[in-house]
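Order as written gives the chain letters A, B and C; numbering starts at 1 within each chain.
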Amino acid sequence: MAEKKWMPRWFYQLASPRWCYGITGKLLPIFAPLALALLLGGTVWALLFAPADYQQGNSFRIIYIHVPSAILAQSCYMLMAIAGAIGLIWKMKVADMVAKSCAPIGASMALLALATGAIWGKPTWGSWWVWDARLTSMLILLFLYFGIMALHAAIEDATTAAQSTAVLALVGLVNIPIIKYSVEWWNTLHQPATFKLTERPAMPAEMWVPLLVMVLGFYCFFAVTLMLRLRHEILGRERRSGWVRELVEQR
Amino acid sequence: MSEMATNKPATQDRRRPGTFRAALKRDLLLAFRNRRDLVNPLVFFLMVATLFPLGVSPEPTFLAELAPGLVWVAALLATLLSMDSLFRADYEDGTLEQALLSPQPLILVVLARVTAHWVMTGLPLTLMAPLLGLMLFLPSEGMPGLMLSLLLGTPTLSLIGAIGAALTVGLRKGGMLISLLVLPLYIPVLIFGSGAVQAAVTGLPLAGYLALLGAMLALGLVLAPLAIAAALRISVSG
Amino acid sequence: MAEALLKVEKLFCERDDRILFDGLSFEVHAGEVLQIEGQNGSGKTTLLRILSGLSRNFEGDIAWRGEPLDEAMQDFRASLLYFGHQPGVKATLTPEENLNWYAALHPDIDVDGIADALSRVGLAGYEDVPCHNLSAGQHRRVSLARLYLSRAPLWILDEPFTAIDKKGVAEKEQLILNHAARGGAVVLTTHHELTLAGLRRINLDDRAGTS
């Protein structure tokens, strides 16, 4: 269409489920070993070689899972909302599928962040749950994911479901900064937690380099799971198109 | 071709109200004709507030400490309860379709609907709040804060809730789903609303809280009608 | 021939994994009456909802007066009268209040004509009776009164004759003919045998894809 000429070519290629299926097929063999190597290397480094914290001892090591999963839960929401917006504006099916695939991954990451936060809380605070600002924000983020998944599940028509969840994700995106700010403010008003899981004064390099490796590893892992889910989604939705049939017959 | 095919709007009739006013008038009239339904959220509000002394403790100092949050949570739940029916009747009898097909801006129709909803739920809840405050032993210094925070906060609740109502209007099992979609988005309003009441009780200045509630309302007034209108078009399209 | 009011190209629509129509193309010109035919479930209502801009779950192009529908939405909505599956009448409001509200949504309607329109559909004397006291047929007639009020050139009517008596049907048929004669266009579905001169038909039964 004439009015969309300013968009680069790859944008249209992305819009084609078939092209997307092909390119993710080529990217997967790169990202999968990369994710595995980074995660394995990072874990070994973090658990065996990184120094223990002078206050918290070894229990602090859980941040090597907690922080990456928390970061990922948030970036995943961003990606989901942006993909949803692209799907809404340009009616791009692949963007809808990316958004749909993001939700369960993001939710599990938020859950992982909450679980690791709770496990860390037991030896540090003496209880499994503390109404710490970051944990509370993460809990609300998890609720937002639940809402999106519930809405998607409730609507039968795939297109309508994608569009509705995109609107909800965008509303959530506008709200996330407000929620974060309000929760932080609420937290300082009530009981400032003495220990913070993440905000620590000047972490030495031996500690944060493995953290960085883990974050990168999580991102690669995220890319792998997203691509796998996306390919599954593409095959499901395009099952009646010619190229999927050919693909199945080749097997 | 006759005048049929040229669709210039007829010369504006002076007696004709604007779209927003006409839609608001209709929605208020509808609410007035169904006025028996209007009491329900208020009764619910009262009942929720009764549950806490019964379920926790009737001890005055204890309740007084909880009161700001309790009244706000009760108001929030009462608003939420009334949300499901916001667009449902219009969807079922086809008037929503007609509104979507109008050349007039849908956001005006939507804004009128939300305004009517607030006048019928948020405003009465605000007016009734001091009664709940008394029941829960909220110190009298807290009352102005309670009323003002509800006055500024409940319209935001109506606006956000309407997004959930618009997204679920085409679904048979809307009620529970709306709560899942909307409750997380209500949290900032709850925090600043009950914060305002607590500040009022302890004699701290209120202006900051009210400014934040006002800012959220302003943001909601600008953005929520867009989201509601988009959500309605999507829901009706499906 | 003058430019088509509505031009539909290669329309494709599937619902619940069933293709309703594929490669459906047609034009609607001023002065035409087009009847959409097909069995129950063949997608008549879906097609009308797509044509009216209500439903966007389709592939293909729809143009209004030569412009893509998405871009000409404002002009299109001002030119459309849609009579849907549900009559769009509020049961708690009176017929007059219902039409007043409709007039507020469509600024080209003359509010002074409302009483006249109601009497033409046989609802004179019912202006102030809440619609829930009226029968189903009367509900639909409240909505049909819009046909006498509207100046929109394009009418999209989904089963307008349901629950209307014989005399009423004859009147509405005449109304549709007059509308076409004045340069309007009508797209409709109905189970009634229409006896309109110059009626064009599109049957959806053989449009479904092979899947």
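Everything below uses one rule, namely that a contact is a pair of C-beta atoms (placed from the backbone, for glycine too) under 8 Å apart; a residue touches a chain by one contact, two chains touch by 3 or more.
The structure presented is a predicted model; accordingly, all values stated were derived computationally and were not measured.
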Fill in the blank from the handout: Chain with Cα centroid nearest the overall Cα mean is chain B
Completion exercise
Comparing A-B with A-C, the one with more C-beta contacts is A-B
Exercise for the section: Could you please state the distance in Å, as a whole number, between where the Cα atoms of chain B are centred and where those of chain C are centred? Expected result: 35
Completion exercise
Taking each chain's mean CA coordinate, chain A and chain B are separated, in whole Å, by 32
Handout entry: Where chain A and chain C are represented by their mean Cα positions, the distance between them in whole Å
Key = 47
Fill in the blank from the handout: Two or more other chains are touched by the chain A residues 157, 159-160
Exercise for the section: Can you tell me which residues of chain C touch two or more of the remaining chains? Expected result: 57
Practice task
Please list all residues of chain B that touch 2 or more other chains.
Solution key: 237-238
Problem - Contact footprint of chain C on chain A as seen in their complex - result: 156-157, 159-160, 240
Problem - Complex interface listing, chain B residues touching chain A - result: 160, 163, 167-168, 170-171, 173, 177, 180-185, 187-188, 191-192, 195, 216, 219, 223, 227, 230-231, 234-235, 237-238
Fill in the blank from the handout: The chain B residues in contact with chain C across the complex are 1-5, 7-10, 12-13, 15-17, 19, 22-23, 26, 29-30, 33-34, 89, 92-95, 97-104, 109, 233, 236-238
Exercise for the section: Going by the contact rule at the top, pick out the chain C residues touching chain A in the complex. Expected result: 15-16, 57, 211
Exercise for the section: Under the touch definition given earlier, write down the residues of chain C that touch chain B in their complex. Expected result: 30, 52-57, 74-75, 77-80, 82, 84-93, 97, 100-111, 130, 151-153, 179, 182-184
